[in-house]
Structures are given as C-alpha cells and as structure tokens.
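Each structure below is given as structure tokens.
Shared chain: subunit A. Partners: subunit B in the first complex, subunit C in the second.
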Partner chain A sequence: MRIAFAGNPNSGKTTMYNALTGRSEKVGNWGGVTVGSKEFKIKDEYTGGRDVSAVDLPGAYSMSPFTPEEGITSEYVRTTNPDVIVNIVDATNLSRSLFFTTQLLELGIPVVVALNKSDINEKEGTSIDVDKLSAKLGCNVFETTSTEGKGLSDVISKAISLSGSSQKPPFVQADIDLKDKAAVDAEDRKRYVFVNEIVAAVESRRTLSSETRGTDKLDAVLTNPISGILLFAAVMWFVFWTSQTWLGPMVADLIVGWIEQFQEWTAGLLENSPPILSALLADGIVGGVGAVVGFLPLVMVMYFLIALLEDCGYMARVSAVMDPIFKRVGLSGKSLIPVVIGTGCGIPAIMACRTIRDERERRATSMLATFIPCGAKIPVIALFAGAFFSGAGWVSTLSYFFGLLLIFLGALLIKYITGYRYRKSFFIIELPKWKVPSQKFAFNSMLERAKEYIIKAATIILICNTAVQVMQSFDWHFNVVEEGAESSSILATIASPFAILLIPLGFGVWQLAAAAITGFIAKENVVGTLAVVYGLTAFIDVEELELTGGANNVAMAMGLTSVTALAYLFFNLYTPPCFAAIGAMNSEMKSRAWLWGAIGLQLGTGYSVAFLIYQFGTLFTEGHLGRAFIPGLIAVGCMAVAVIVIGRKTRAHFDDMYELHRRDGKENAAA
Partner chain B sequence: MALINAETGKTYKVKEINTRDEEMNSFLFRLGCYAGEPITLISKKKKSCIVAIKDGRYNLDELLSEAIQVC
Partner chain C sequence: MLNAATIISTILIVAAVLLATRYIYKEKKKGTKCIGCPCAGECHTMHGSSDIKMREKSF
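Let's look at the complex of A and B:
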C-alpha cells in the first residue's frame, strides 16, 4: 500500500516523511527543497507491521505545474494512483493551502489532511476549528507537528483504514472545456471563493498576517542590496573560516594522531611480511585513505553550519537579495540556492536547479553551480593551504569567492554564446517564517553526511588508492619497480602524456597529473593519490608543519612553488567536478549539446585559470614568465576561438529564428 | 497605480495583473494574488519589494511589482 504526501512548498512534507520512515532526506526552511519523489517503508510502530510505504513529493501550489519540480507532483498523483493521499497543509497559511486541497479531494483518491505546523499557530494565537474544517471538506483532518512527531500516528492509522474508500468532494469543477481559458479561470475563481468562505468560518487570528512584524525589519535589512550582500559575504566567510581554519583543523589534529598510530600499528604487524605488501597496506591503503579521513572534521563542521543556515529561513532572503545581480548575468535569484547547496555536494546542487522556471537559466545554473568548491574539495584545499601557505585561512576563503566570481563570468560567457536577448524574467520567492535552527537537526544532518563521507573513503577512495599503489609499484611486465626507476611504473607511463599538457600550467609531472585524473572519479582522490605517490601522510598535522617551518616535507616532496601550488589547487577546483556530478548534469540538462558545452566550459576554465595564475604569478614573483608560455597561450587561444565560433553559430541560428518569425508576420500581413 | 509606487504598510486591492505571461498570471492567482483580493506592501527597495498575500510573505522583483496594479 502506498501513501503519497502532497502539499504546498515548505509545508513540512519531507520532515513528516523522515519522521515516519526514519530516513534523513534533505529538509530546509524554504520552498523547493525536495525536487524529486522518494519512496520508503513507514516504520512498523505507525503501521502495526503492515507493509505501507510513504511517497514524498515536491511541493506544489496546485495541480497545474509552474516549475519542473511541481510537475513531478501533479504527474505522480494523476498517473500512479496512490492508495491514499496525505495532504500536508501549512496551518499558518490555510487560506492559500486549501486551494490545492480541494483539487486533491476531486481526484477520487481518499485524502487525509494533516494540519501541520500547529505549534506555530498556537504560539501566534491562531486557532482553527478542526471539526468544522473536517465537516466542510468532507475528509479527516488532524493537527500535526512533524518536527516533534505529534499527531503522525493518527494520520497514518486513519490513512490506512481509508484505503480503497472514496470521499465526496466539497467542490467539483463544473463540466467545462479545459481548453477554454476564460472558463477555467472562472472555475478557479469560484474555487477560491469557496476556499475563502471555509477559511472565514474555521479560522480565527489574533494578529493579521498583513500587520508588520518584528522580523519584517530584519527582512528589510537582509534584502537590501548593500547590507544584504555584505551580510551574506560575512556569513559565508564565517562558515568557511570556522570549518576550515579554526574549529575544523582543531578537531582534525586529534584524528590525524589516531590515524598515524593506526598506521604505525599496521606497519608493526606487517614487519615480517614482504615489503611490497607492507607498502601496499600501510602506506597505500591506510595512508591514502587516512589522509582523506583526516580532513573529515573540516567537512563535518561545514555541513553543520550550512544545515543551520538552511533550517532558519535565510536562504530565501539571500536568493531575493542576489536576484538583481544574478539577473544581470543571465541567471536568476533562485540560482543562489544550488550554489549554497553546492558547498556540500554538487549533485544535489545540480538537482536543485529544477526550481528554476526558465530553461536557459536552469541549464546555465546547473552548469556553473559546481564552480563553488564542494565538500569533497575541502581536503584538497586544506592540504594545499596547510602545506604551501602555512594553513592560511585566506586560501579557502579565496577558493570559494573565486568560485563565485567564475560563476558570474561563466554566466556572462553563456549569455554571450546563447545569444541571450533581453527577456522578461520575473522573480518571486516566498519568504518563509524565521525559525530558530534546530541543533539536533543540524547535528543529524552532519552525521549523515559524515557517514556518506566515510563510506566513500572506505569504498571508492580505497579502491582507487589501492589501484594507484599497485600501478605505481609495478611496471608493464609486472615486475616491482626499482627505486630510482619510478617513471617506468604503469601509473607513470599512463599519466605522463597528460602531464605534457600540464607543463604550461607549471605542474607537468606525472604524479600530479595522476592525482588530477583520479580526482575526476572523486575529488578526495587528489589527496589520496598525492599521499600514495609521494609517500606522505598526515597532511594537516599543523604542529609538524610549524616544527619544520614553512618549507615542510609535504611541500618539499611535491617540489612546487607557492605559485604552482595555487595553480594546481585551482586547476583541481574548477575543472569538471566528478563523473557522478557530470551524470547529474546530463539528466538535468536533457541535451547533449549543453552537456558537452558544460564539460568544455569547466575544463577550459580550470585550464585557463591555472595557466594565468602560473604564468603571471611566476612573472610577478620571479620576474619572468613560466615554462611553455607560448604553447599554453596557443591552447587558451584555441579555447577562446572555439567559444567565439560556437557563439557565432548559435546566435546566427537564433537570428534566423527571429527572422523567420518576422517573415511569417509579413506573409500573414500580406495574406 | 503600480504596486511599486504604493505606500509601505498599507493594504490595497489588486486591480489588474498583467505580466503578459499566462503562466505567471496563473501562478500569482494560485498564491491568492488576483483582481479583487487584498495585497499589503510590507517594504520596498529600488529594485524589489516584499508583500503580504493571504498569509504569506513574498519578495517580488521590479518587473512583477510593476505588472501588478492596485487601488
């Protein structure tokens, strides 16, 4: 048996779904967090052991979709025929929610209404006569508070008992021609009149929503173009600084100590085994995976803080304040949400683009969102900040803000290529009520992500590290590589051709090329592979770095200057994220041309940024250009030419389209 | 007059909505923003404003707030 959860955006569907199923799907205090449907079995304590599954759906204001994610809901409800629908109604906005409720009641599927957020109504002195509402709608209504799990068992047991039954809809759309817009509009108006009558009869409010509240002043400051943007920058800086410079590394130091002990312990166990085995296990697996896990605290602190931000209601305000700027480069204020989610992981960020209505804006956002460094890139940033810039906090902050800058520049480039014309792009976003962020929720969300991170380290990263270690230890004849002949290893011979391409960027050695390549599988691999190929561990052991003072062993082993290190870091940050993210882009863009455009743009950006930093950085610090400036310039020049050619082509096509319209117009006029 | 020119803190009646975008019009309708319904201007800036429609708060951009006529 299947129960579908439908309701307005941000009414608490996913929170209820999580409480019922024990899952931890993403929730947040803004409309449009859930962008796809999810199904899972409801816990036995609610169903009495029966096999009942809950289906969480994206929020929708009505059965006629406006954005792509709204369409998922109406299509699901119409075509898959769930046994029962639980309609989650935001009790603080009954007057808007019941429009959708009356539509759901017409479908012939039994509906139970969950009057959610009842706790907020209680606090605000709004009361709803549940019995009267139930009588007027002709269906069961229960007051719930999903965040505390209140009322959920009533809803579910009622829903189960209703399966197979049906109810009499309180409002039935007249038999009209659905293609006749005026008739449909008139019916919808009648529906709203009906809803307004119900609300007037059942709801009493102590304060009207139109009255100014204390939080309106806060909203005015946060959505002000100057103070709002400065505050956003300050908040993000605080998040990055706390997670990557202050609190995160503090915790990481502890963990690194344990990993080292573990590594020594395994090395001790392997003392009498063949050296190749001990190298593989102690250095390769424990060392490589350990290097990645050592950065986990940084990632966890970051996830915790972002979860707090997502839970309080700030995201909608930032979207609103960023809209005018994003619009100028051809994106939308809603593009901001994928960017913030992207600090955690690029895949949900790309999926979050579904809430953007305009196709071009949506594709452009999903193509650019991953320029913001994700959680998997944190270890890479922290490694380079620690090894080459003595742990300076500006490296991580710069990485993020530079990513944001690349998003703007990339958006301008896409605008240029696609021949974007001035088009009306409306922006409207609901500003949800502020709430005190739940620390418990943030903590759980952090643990959930930490679990994913560890699982990834123990699977993909482990396999890659082992493969790298093996490929480095053997040559093509499966003989163990002798010391001093490392370049004859399988890994070296595979990576060397790629390394040639990287010479103009200042890091044309096979070790670094190999790390960058494994990074496309998962970005943490960059750290793991570097640990393996250079035989290094404990990258962020700050104390040790201080002992060796600046010119520490990590930097020495890699043989990079600060300029080349920064170029290499940025190359890894701004090239395509990972195969999984590319897969997500593919399914969201639904266009081969856009997908290849995205990959090309990201490769080109990473290459050009690294090239410019290396060449001009070297010029600045050493007074001469770096190696292979001319070949690099030619490569970057070719990319620029490609952009111009593709742009010309698409825009010529675009003009043709316009011309066709005009010609049509003329012909019509002549006719 | 256009919503953008209205007075902050006052409740108006929507007179006409013309975004020249059918889907946008009907989206606004579903939020409860259509001719005859009340709308309150909570605060405004040069390029955007915050309004109360039914029991929700929304941030609208310049284009939308110009397309909504109130009286």
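Let's look at the complex of A and C:
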C-alpha cells in the first residue's frame, strides 16, 4: 500500500514523512526544499506491521503546475494512482491551502487531511472547527503537529482503513476547455469563493492577517535591500565567528589533544617495527584522519547554527532580499535557495536547482552554486585561518561573501557568453511565520551531519591518506624514500608537474599541489594530505595561537606567507568541487558543453583569484610582484581570450538562428 | 622486527583499508552519490531519473 503526502510548499510534509519513516531528509522552514519524490516504508508502530510506504512529494499550490516541482506532484498523483492521499494543510493558512485540497478531492482517490502546525494556531489564538471542516470537505480531518509527532497515528490508521474506497468531491470543476484561459480563471474564482465560504464557517482568528504585527515590521527591516543585506552579513559573521573562532576551536582543542596523545602512543608501540608501518598507522591513518576529525566540532557548531537559522524562517527573508540582485545578473531569484543549501553540501544545492524553471538559469545556478564554501571546505578554511590569521573569524565570512561575489560575476560572464538578454522572471516565495527554532531539530540535524562526516573520514579520507602516505614513503622502484630525498617519492614526482603550474600563484611546491589534487576526491582531503606530507596533526592549538599570534608550527612547516596562504585557500575553495558534486552537475545540466564550461569556469576562477591575490598581495606587502608574474598573466590572459572566443562563437550561432527565422518569414511572406 | 606490535599493526592497517573499501563499494552499489556527504541520506532515496522524466513530460 502506498500513501502519497501532498500539500502546499512548507506545510510540513517532509517533517511528517521523516517522523513516520525514521528518515532524515532535508527539511527547512521555507518552500522548495523538496525537489523530487521520495518513498520509504512507514514504521510498524504506525501501521501495525502492514507494508505501507509513504511518498513525500514536492510542495504544490495547485494541480496545474507552474513550477517543475509542482509538475512532479501533479503528475504523480494523477498517474501513479496512490492508494490514499494524505493532504498536509498548513493550519495557519487555511484559505490558501484548501484550494489544492479541493482539487485533490476531485481525483476520486481517498483523502485524509492533516491540519498541520496546529500548535502555532493554538499560540496565536486561531481555532478551526475540525468536525465542521470534515463535514464540508467530505473527508477525514485530523489536527497534527509533525515536529512533535502529534496526531500522526490517527492520520495513518485512517488512511490505511480508507484504502480501496472512493472519494466524493465537495466541489466539482465544470467541464470547460482547459486551453481557454478566461474559462479556467472563472472556474478558479468559483473554487476560491467555495474555499473562502468554508474558511469563514470553520475558522475563527484572534489576529487578522490584515493587521500589522511586530513580526511584519521586523520583516520590513529584514527584507529591505540595504538593512537586509547588512544584517545578513552580520548574521553570517556571527555564525562563522562562533563556529570557527570561539566555541568550535574550544571543543576541538580537547579532541585534537586526545588524538595527538593517541598518535604518540601508537608511534611508541611501533618503535621497534619497520618505520613504514609507523608512518602508515601513526602518521597516515591516525594522524591524517585525526587531523580531519579534529575539525569536526567546528563543522558541527556551524551546522547547528545554520539549522537554527533555517528553522526560524530567516533564510526565506534572505532569499527575498537577494532576489533583485540575482535577477539583475541573469539568475533566478530561486537561485538563492541552492546557494543557502550549498553552505551544507554542494550536491543537494545542485539538485535544488531543479526548482528553477528556465533551463539557462538552472544550468547557470548549478554551475555557480558550489562557489559557496560547503561544510567539507570548513576544515580547510579553519586550518588556514588558524595557522596564518590567528583564527580570525573574518576569513570564513570573507570566503562566504567572496563566494557570493564570484556567483554574481560568474553569472554576468555566463550572461555575456550565452548572449542572454534581460528577462523578467518570477520569484514567488512565501515568508514562513517566525518561530522559535527547535533545538531538537538543530541538534539532530547536527548529529546526522556529524555522523556523515565521521563516515567520510573513516572511509574516503582514510583510504586517501593511506595512499598518500604510501606514495610519499616509496619511490617508483618501491624503495623506501630516505630522509632528505622526499622529492624522489611517487607522490612528489606525480605532483611536481602540477606544482609548476602553481608557481605564479605562490605555492608551487609538490606538497601543496598534492593536497589540492586530493581535494578533488573530497575537500577535507586537503587537510588530511597536508597533515601527512608535513607530518602535522595538531592543526588546532588554541593556546599556541594565543601565544604566537599566527606564526605557529603549522605556518612554519608549510613555509607560506599570509598572502600565499590566502591565495592557496581561495584556490582550493573556488576551483571545481569534489568529483561527486561534478557528477551531480552532470546529471542536472544534461549537457556536456555546459558541464565542461562549468569545470573550465571554476578552474579559471580559482586560478585567477589565487593569481591576483598572490601577485597584488605581494606587491602591497613586500613592494614587488610575486614569482612568475608574466607566465601567470599569460595563463590568465589565455583564459580571458577563451571566454571571448566562446562568447562570440555562441552569439554567432544565435545570429544564424535568427537569420533562419527571418528567411522563413520572408519565404512565408513570399508564399 | 617481526614482533607482536608489527603483526597487529599490519593486520589493523589491512583491516581498516579493506573495511573502508568494502563500505565504499557497497554504498556505490546502492547508488549513493556522495559517501559521507550531508546529503547522503536523501540522494539515494530520491527517484531522480523518474522525476526528471515527469518534469520533461509536464513541460
């Protein structure tokens, strides 16, 4: 048996789905988080052991699709014929929700209505007469609070009992020509009248929506183009400062101490064993993986704070304030949703681009979304911020907002290349009600992500670090590399050619090149590889930072200046993401040309940014340009020429297309 | 050189690498796009291809 969960965006479908199935799908307090259907078995405690699956569908306002995700929902309930539909209705916004409900009731499939978010209604003094609503709609209605699991058993047991029955609609759309816009509009108006009559009969409100409340005034400030952006910058600075300068490092310091002790203990045990074993186990596995795990508290604190922001409803306000800027550079207002999601991970961010209707905007967004530093890049940022900038919180904030700037510039570049002309696109986002963020939700979200982080460290990072350690310990004849002859190792000989390309960026040494390359497997690998090649584990040492103010062991071992460290950090942040994210881009873009264009754009951006930072940074701090300025300039110049050539070629292709149309027109006229 | 510590550490290294490889292989077979990514839970339960087909049909 299959139960479909359908309802308006942000009505709480995925939260209910997670509660019923035990899954932990991404949720957020704004519409458009779910972009595809998901199916999973409902827990036995709700079904009494019967095999019942829940299908979570993207939010939809009506059965006539306006956005791609509405199309998925509409198509699913029409064609897949679920046994029962559970219509999740946002009880705080009944009049808007019931339009879709009445359409679902017309399908003939039994419907159970879950009046979700009833707890908010209670607090606001809004009451709904459930029995009267049930009688008017002709279906079962239950009050639910999916965040607390309240009312879910009633909904599921009723849904199971209705399987195989039929549904009588309370409102039937007249038999009209659906291609006739006026007729459809007239019929929709009739449906709204019907819905409004029901709402008037069943709902009583203490506060009318037409009244201005304190939260409306707050929204006015937060969505103001100037104050909204300034406040957003302040909020993000606070998130990064707390996670990477204050609370995160405090916890991490403890963990790093334990890891270091464990590493020393392991090395002590292997004193009389072959050195390669000690190198592999103590330095490669314990040291390398430990270096990555040491940053876990920083990542966890950041995820916790981001989850709080998402849950309270703030991120939807940010979307609204950024919309005009995104439109101006040729992206959709909806492009902000992938950008926000990208703070956690690039892959769901790229998948979230599906909600963008226009193909060019969708591809451009998935190409650019990964410029926002994801959770995997946080250890890299924290490492460099700690080692070279005394753990300054501004490094993360700068990385985030510089990523946003690159998105805008990249969007303008894509606009130039594709010959795109300004088009007025729509971005409709419903500002969710403010709510006190659930600490339980944020805590669970943080734990879930921490679990995934540890899994990655214990699998991919472990294997990569072992491989790096082996490649560093042996030469091509599988002889152990002697001390002082490290450049003859397998790793050094593979990474050295790449290191030459990095000389104009200020970090043309094989160790840093190797770390950057392994970063394409998983960005945390940059940290793990640096730990292995430089023999470091304690990347976080709060006391040492306080004592030395940046010029610590890590900085000395790497031998970088602050300028080259920043250039290297930005190179790792803005070059292409990990292979998994590139794979996601490939599936979303469905075009080899766009995919290669994306990889080229990201490589060019990372390289150019690092080149400019190193060369001009050296000029300002030391009074002269950095090494290999001319070769670097030639490389960046070649990239610029490539962009111009591709742009001209694309636009010439467009001209050909227009020419053809014109000829058709002439032929038609002649005919 | 062939002492208990050497034997145990060799076994540990081989076991850690084998277990990690096995896990990655199993996850890839299940269709997980990115092992250990925060999205890992949602990627492989998402009916991506069918959704796209639906979308293409709808628009």
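Worth pointing out:
Definition applied: the second predicted complex is superposed on the first by the 629 of 671 C-alpha atoms of A that agree within 3 Å, B and C clash if a C-alpha of one lies under 4 Å from a C-alpha of the other, contacts with A are read in each partner's own complex, and residues count from 1 in each chain.
One rule holds in what follows: a contact is a pair of C-beta atoms (placed from the backbone, for glycine too) under 8 Å apart; a residue touches a chain by one contact, two chains touch by 3 or more.
All of these numbers come straight from a predicted model, not from anything done at the bench.
In the superposition on chain A, A:74 makes contact with subunit C only, not with subunit B.
The partner of subunit A that touches more of its residues, comparing subunit B with subunit C, is C.
In the superposition on chain A, A:88 contacts neither subunit B nor subunit C. Once the two complexes are laid over each other on the shared chain, residue contacts for A:66 go to subunit B alone; subunit C is not touched. Within the superposed three-chain model, A:448 lies in touch with subunit C and out of touch with subunit B [touch as defined at top].
Legend: residue contacts after superposition of the two complexes on their common chain; A:300 is shown touching neither subunit B nor subunit C.
When both complexes are overlaid on chain A, the residue A:189 reaches subunit B alone and has no touch with subunit C.
After overlaying the two complexes on the shared chain, residue contacts for A:133 are found with neither subunit B nor subunit C. By the touch criterion stated above, A:316 is placed in contact with subunit B alone, subunit C being left untouched. After overlaying the two complexes on the shared chain, residue contacts for A:20 are found with neither subunit B nor subunit C.
The intersection of subunit A residues touching subunit B with those touching subunit C, taken from the two complexes, is empty. On subunit C, the positions that touch subunit A within their shared complex are 1, 3, 5-6, 9-10, 12-13, 16-17, 20-21, 23-24, 33-43, 45-48, 50-52, 54-55, 57-59.
Across the complex, subunit A meets subunit B through its residues 61-62, 64, 66, 92-96, 99, 181, 185, 188-189, 192, 209-210, 212, 216, 219-220, 223-225, 316-317, 319-320, 323-324, 327, 333, 424-431. Note for the complex: subunit B touches subunit A at residues 9, 11, 19-24, 26-32, 34, 38, 40, 42-43, 45-48, 50, 52-61, 63-64, 67.
Residues 23-26, 35-40, 65, 68, 71-72, 74-76, 269-270, 272-274, 277, 280-281, 285, 303, 344-345, 347-348, 351, 354, 357, 375-376, 448-449, 452-460, 462-463, 466, 522, 578, 580-581, 583-584, 587 of subunit A are the ones that touch subunit C when the two sit in their complex.
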